[in-house]
Amino acid sequence: MAVVNLTEIVRNRKEFIDEVEKHGGKNVNSCYQCGKCSAGCPVSYAMDYQPRQVMRMVQLGMKDKVLSTSTIWLCAHCMTCTTRCPREVDIAGVMEALRMICRKENRPIRERKVPLFHDLFLDIIRKGGRQHEFQLAARYKIATGNLFQDVDLGRRMFFQGKLRLFGPKVKGAESVRKIFEKCKELEGDVQ
Amino acid sequence: MSVERAGTGVSTAGWEPKIIGFCCNWCSYAGADLAGTSRIPYPCNIRIIRVPCSGRVNPQFVLRAFQRGADGVLVAGCHPGDCHYSTGNYFTRRRFLLVKRLLEYLGIEPRRFQVRWISGSEGQKFADVVAEITEQVKALGPAKMDKMRDVM
Amino acid sequence: MRYAYYPGCSLEGTAKEYDLSTRATFRALGIELEELPDWSCCGASSAHTTNHLLAVALPTRNLVIAEKQGLDLVAPCAACFNRLVTAQHKMEQDARLKGKVEQVVEGEYQGTVKVKAVLEVLATDFGVEKVREMVTKPLKGLRVASYYGCLLVRPPEVTKFDDPENPTTMDALVEASGAEAVMWPHKTECCGGSFAFARVDIVEKLSNDILAAAKSNGADCIATACPLCQANLDMRQKAIEKQFGTTYNMPIYYITELLGLALGLEPRSLGLGTHMVESLRLLREKELA
Amino acid sequence: MKEKLSELKETVARLLKDRTVDFFIAYQAGHSQVEPIPFFLTTAEHVENLFLNNFCAHNLSKYLLDYLAGDEVVGVLAKGCDLRALKRLLTDHRVERGRVFVVGLPCIGIYDRKKVQEVYPAGLVEVVEEGEEVILRGETGDKRVPRKEYLLPRCLTCPDHNPEFYDLLLGEKVANGPLAEEDYSDVRALEEWAPGERRRYWTRQFERCLRCYACRNVCPACNCRVCCFDVAEPRWLGKGTSLDEQEMFHFTRAMHVAGRCTGCGECERVCPVNIPLMKLNKKLAKDIGALFHVPQAEIPTEVEPLGQFRLGDPDEFN
Amino acid sequence: MCWCGSNIASTVDLDRVQKAVEKLTNVVHVEQNKYTCSEPGQAQIVAGIREHNLDRVVVAACSPRMHEKTFQRTVAKAGLNPYLLEIANIREHCSWVHTSVEEATPKAIDLLRAAVAKVIRNTPLTTSTIPVEKRALVIGGGIAGIQAALDIADAGHQVVLVEKEPTIGGRMAQLDKTFPTLDCSACILTPKMVDAAQHPKIRLLTYAEIEEVGGYIGNFEVTIRKKARSVNEDVCTGCGICWSKCPSKAPNEFDCGLGERKAIYIPFPQAVPNKPVIDRENCRYFTKGKCGVCKKVCPAGAVDFEQEDELLRERFGAIVVATGYELFDHSVYGEYGYGKYPDVITGLEFERLINASGPTGGKLKRPSDGKIPKTVVFVKCVGSRDEAKGFPYCSRTCCMYTAKQAILLREKMPEAEAYVFYMDVRTPGKGYEEFYTRATEEFGVNYLRGRVARIYPKGDQLVVRGEDTLVGAQVEIEADLVVLATAMVARRDAAELAQRIGFSYDQYHFFTEAHPKLRPVETNTAGVFLAGACQGPKDIPDTVAQASAAAVKVAMLFSRDELETNPMVATVDEGTCSGCEWCKPTCPYGAIDIKTIEERVGKRTVSRRVATVNTGLCQGCGACTVACRSGAMNLKGFTNEQILAEVEAICL
């Protein structure tokens, strides 16, 4: 890791922490780096930095570095860390806030596929009001290019009647679409 | 004790309430000291009078404060059971439960007169209580109890 | 006992067994379910990872409909349950947010409806003892590891249901159905949830840990109350076995399927035939179906 | 009440003659039938001027305080409410039981002079009870009025028509039982008002106060040797009659008698400007009853309610 | 007026205050001083008094609770009665809590005006004296209580040492070795216990509790409940036949329930006094009415089933509270198994297991199956430094005793592996850091920096999942035994005891010292002193230091035959007193009586009842002054006139 020039970074540290807390991450400054969150995190083995280290980077204001980690995308939001934190820090909330900031400032994303999945998921319910798993799987495969992922699984599910080809019918789909528009107006981007 | 504050068109902008605080020497006065040593800022409207025990505060002192123009009065003592003189604040509690109701009965807005238990280790709570009572009294406007003289 | 019923999108597709078995079991216990008219998707993880207002508005649309129905709302899917109670919790705490959401949803939210998970209805409202009394075909000899997943019990101050570290309601129901609830440590370890598409390797690793823990503690099968967990443990079991060179062949039942069986319902009507990992063989071996 | 006058005269004469008492306090005729005044007899000859009718409201036991110096025995005519006042003085150690000879007077109710005079302005001779009604008989003929509306407020809720203790009882005991239950309805009504409204109400009352101290002088609970208002230093109260001084006076007196007021209502009766003082005392009696579970705050107890506490007292100050 | 360096001067414009105060009536001289409490500052006051012939002084500086006594002595040096002085608190209550000069200055003027209004009504007061009962009461028989008792007794004063358990020794008796010197706890403790038992000036009252405490410094009246031991202590020789023959068994609290004891028992072999006690809940005679073997076999006939609790009423001049601590109940931690896994034990239970007089005779055997553990994991900060489920404070001693326990483990069983999960290793004492380095270097204890997230069973072992934050990776250990270093918390009944004696305690129910830095062993209640962990978490060296400090404070108190009393007591104006006794029931010290006085009225002498105050008993709380409606009862130093004057001065 390159030398971190704290004098520059620490000056807008407070501003970065406020931004994170505005997006739902709570008590960032209370964290005393005890490691209980990383210890309990089920996905930490796959992360480039431990959740604790991400918290440290936020505390120091290392905005560019932390937004480029894979950790913030691999957080499954299972809330184990937030429930057990002795300082009552909402680590899951911080991860989520960092994801939102990353998207807002459309910075390079380490785990492209995760936001892609979420965008497709939201696009389908924005149009149909409910999720349509077949369409989600299909569009995800097209978007990622690996067309043959889970093909045999898909086939067996289809024969078990678990894959409905036709989308769900929601009379109120219009109102769901309106929700997406209003949220976009009030809070900026939805996708 | 405010005479139809709205009616008299008294402009309350820029007006600062004057609040008298009776603090018992062993707990709430020590709490106020701790707020000082910990540099916890609070509004400057309160003036603290030290008394050995909250049981020493005679209801007539409270009314004299209102009579001489105080806009809010606070009586602060130890939490029941913690009194340095063991039973002092039990009498305070009983007496001021009555005084609070009588003052409200005579037309004083409830928030103007408050009794709170604050221990020697609750510096932050002392600052919060002072801020709270200052804000509430400011909302109520001047008590104008002393201006009663010229009503006659 | 009547409840409004919010199936959730997955119960119409991959988790249709959960929908079938929940309706059948509730009917057998005499609990009426009234599907929420014209319900819509709760947004699940995608909504709250993208936009906080959207994450609260989508569930609230359904809550407003439920309030018109005037019944408490049952949400079998753990993700939907979590999103609904989180929306309620957030609006309770932040009146400004509530105002914004009502503006977005164009409806008034009073907060009169209580959202309940299937387990809460069965174990607390209905009562484990009453379930035990109504069991006609106890699942003797079946060793079940009850798996709660994460969203059902965390964060505790929001879900307010059972215990985040060592939940026991599903174990109690399993015992009530005559089967044996296995003591095992991974009751609330996460299965990988929404990474089913984006990072399948993570789901496989986490699910393998869960399957291994269940197996090493002598469980024949796993009971779940969450379609995401069932999907990851059941549909990907074959891939996991290939990936980690392990053999489990462990059926992943919905708790409502097991209870339905114990209440004497027909396996087919509970959707038992359509699991990825063959679910009837184990039951026949133990003469339970 | 009139029929007992002759028996009273005989008794008082005998008591004074055989020196059982050195003085006797009773009533004598005043300007009119409805305004009897206290009568302090020292010798038997004066018994002729004794007077007794159902307007004798004064609480004579308060005058015992003037006889504290020395060791004379003082006789006093006392109704039920007067005895509660005497019990107050005894509990407060201001009067020794041994120095008082109590002549108990059973009483079924005293009439409110002000109310009667509104209806029968002048020339009233006597008041005759007839069941639920009363006949006001006088020079301008008779007038029938409902009895309950013309009694003193304390008589409606009076629990002891017959004197609780006495050395000698005048006449026969009468039927007991209060005519109405004290429900503090007037106090509750006032509590419903907004603070500003109550403020105006009490300002109007206190504006009229002349600070004549009649209420303090007649009150059995206000029995200090030197009243704090009469002391120059510390100056609890100014001499001026401004509104804030009135407020200070009435607030302080209400708090001083809180828990010790016997509910006799004399303060309200004697107030020349009709300030509803009992509304203050009853408010405190109600609160003491509710807050500290003191069933009848007006019955004097060895230790006053404010002189004791219970760990379980309500606490709204944390 | 004091600058207090810049503490006051920085936010209060003292010149403006001086101008305003100079105009006040009765004020003849005003001056400012950079450090009034310093020698030169005080000298300036003395000079000022003499030069201007002052008869009243107001010092505007810090809180009277800080320097009132200092300035009273200064004023006395100038020949003025020390009580003709008032202090305006313009630091803690003004300059330190208000930021702008515009806010603080007018307030300082008001506070000074009030102080002047009060001081002109001060009257000269003189202290009187009361006798001192030169007997000390020590509550709690742990090392703190024993040390305090020994020191006080060696100073020549009578001591009564009251201990709730059947034996003295407290927590320290349960330990195996003590850090940092690793000497055996019993070896250094038992001699002191024996000294305490045999010291002519110390009377041991074990198996006894404090029922009631009245009175005040120099004259405490204490009721002690000596619980029924069912054994006559004078006759019993401690031969031990009774507890060897007793048929019924019960878990031994001394071994944290890991070992067993009989119904008639002494907690541990070196118990002092080694006289047994009958546990009536488990004794067959008391529960089922038959047995009584102990009575039959007792050669001295000491067993007496009819023995009743005894209430002893004694007088003391001083009280030393040394009631010690308890361990945090770690069952709130779901992630560590809610206290249900038998092999997840506390530090104290570990001490009992490795202790030679413990239930396993010193061999470390797992509570679940008795096996010798190969891998032991120590987890620190369980309940400490944890706002969510425990207490925010650090318990000070866990780092050291965990290092000690790890060393003992490696020393006794070199083949066993020891891991310690820590956040910090705090080694503040003498020789502590070197002791910790021995643990890592010499004994190879593996220190892993990170908090444990979860402990769960796997087979017959326990998987401990944590993160090594220095490497930045999750770590997992299959442990045979897990030892939790749980937080030191106040005793369950601490608040109740504090209220019974009449001194304050903090939000964690640790007792509050008079001043954390300057008066750590005193409380705000004169005559009551503190020693040991009851005042806050601390280790044995600090505890013993505090115990000796408390002992000196007691000896200081007893060095004088009489005690100066607080002159600010209630006083009756017999001219206005009505003798109504409304004041009497409000006095917590029973200092008010009624007397009859004679006086001339006209030509006759008449007797009258008036109240009178026993200045020895009165502590000056003032409750009686409010109960007295006529104002006859007043409180010197806080008279009605003074307080009214202060109110009016502030409201002008």
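In order of appearance the chains are A, B, C, D and E, and numbering begins at 1 in each one.
We adopt the following convention: a residue touches a chain if its C-beta (ideal position, glycine included) is under 8 Å from a C-beta of that chain, and two chains touch if they have at least 3 such contacts.
What you see is a predicted model, and the numbers here were worked out from it, not measured in a lab.
Each step here moves to a touching chain, and the least such steps from chain D to chain E number 1. If you take chain B and chain D together, the chains in touch with both are E.
When the interfaces A-E and B-E are ranked by how many C-beta pairs touch across them, B-E comes first. The chain with its CA mean position farthest from that of chain D is A.
Chain centres computed from CA atoms place C at the largest separation from chain B. Chain B and chain C have CA centres that are 56 Å apart. Inter-chain spacing, taken between the CA centroids of chain B and chain E, is 32 Å. Rounded to a whole number, the gap between the C-alpha centres of chain A and chain B is 52 angstrom.
Chain centres here are Cα averages; for chain A and chain C they lie 23 Å apart. Residues of chain A found to touch two or more other chains are 45, 80. Residue numbers of chain B whose C-beta contacts span two or more other chains: 59, 64, 87, 91, 95, 146.
Counting only residues that touch two or more partner chains, chain E has 335, 586, 627, 640, 644. The complete set of chain-chain contacts reads A-C, A-E, B-D, B-E, C-E, D-E. The touching residues of chain D, when paired with chain B in their complex, are 190-191, 195-203, 207, 236, 241-245, 247-248, 251-252, 254-255, 258, 280, 283-284, 287-288, 291-292, 305-306, 309, 311, 313-318.
Of all residues in chain E, only 63-66, 89, 91-94, 96-99, 103-104, 107, 110-111, 114, 495, 498-499, 502-507, 512, 524-525, 568, 586, 588-589, 619-623, 625-627, 635, 638, 640, 643-644, 646-648, 650-652 touch chain B in the complex they form. Put simply, chain C touches chain E in their complex at residues 163-166, 185, 216. Put simply, chain E touches chain D in their complex at residues 575-582, 584-586, 594, 601-602, 604, 606, 609, 627, 629-632, 639-641, 644.
Taken in their complex, chain C has these residues touching chain A: 9-10, 12-14, 16, 38, 40-41, 43-54, 57-58, 61, 100, 103-106, 150-151, 154-156, 164, 188-190, 192-195, 197-202, 205-206, 209, 235-236, 238-239, 274-276.
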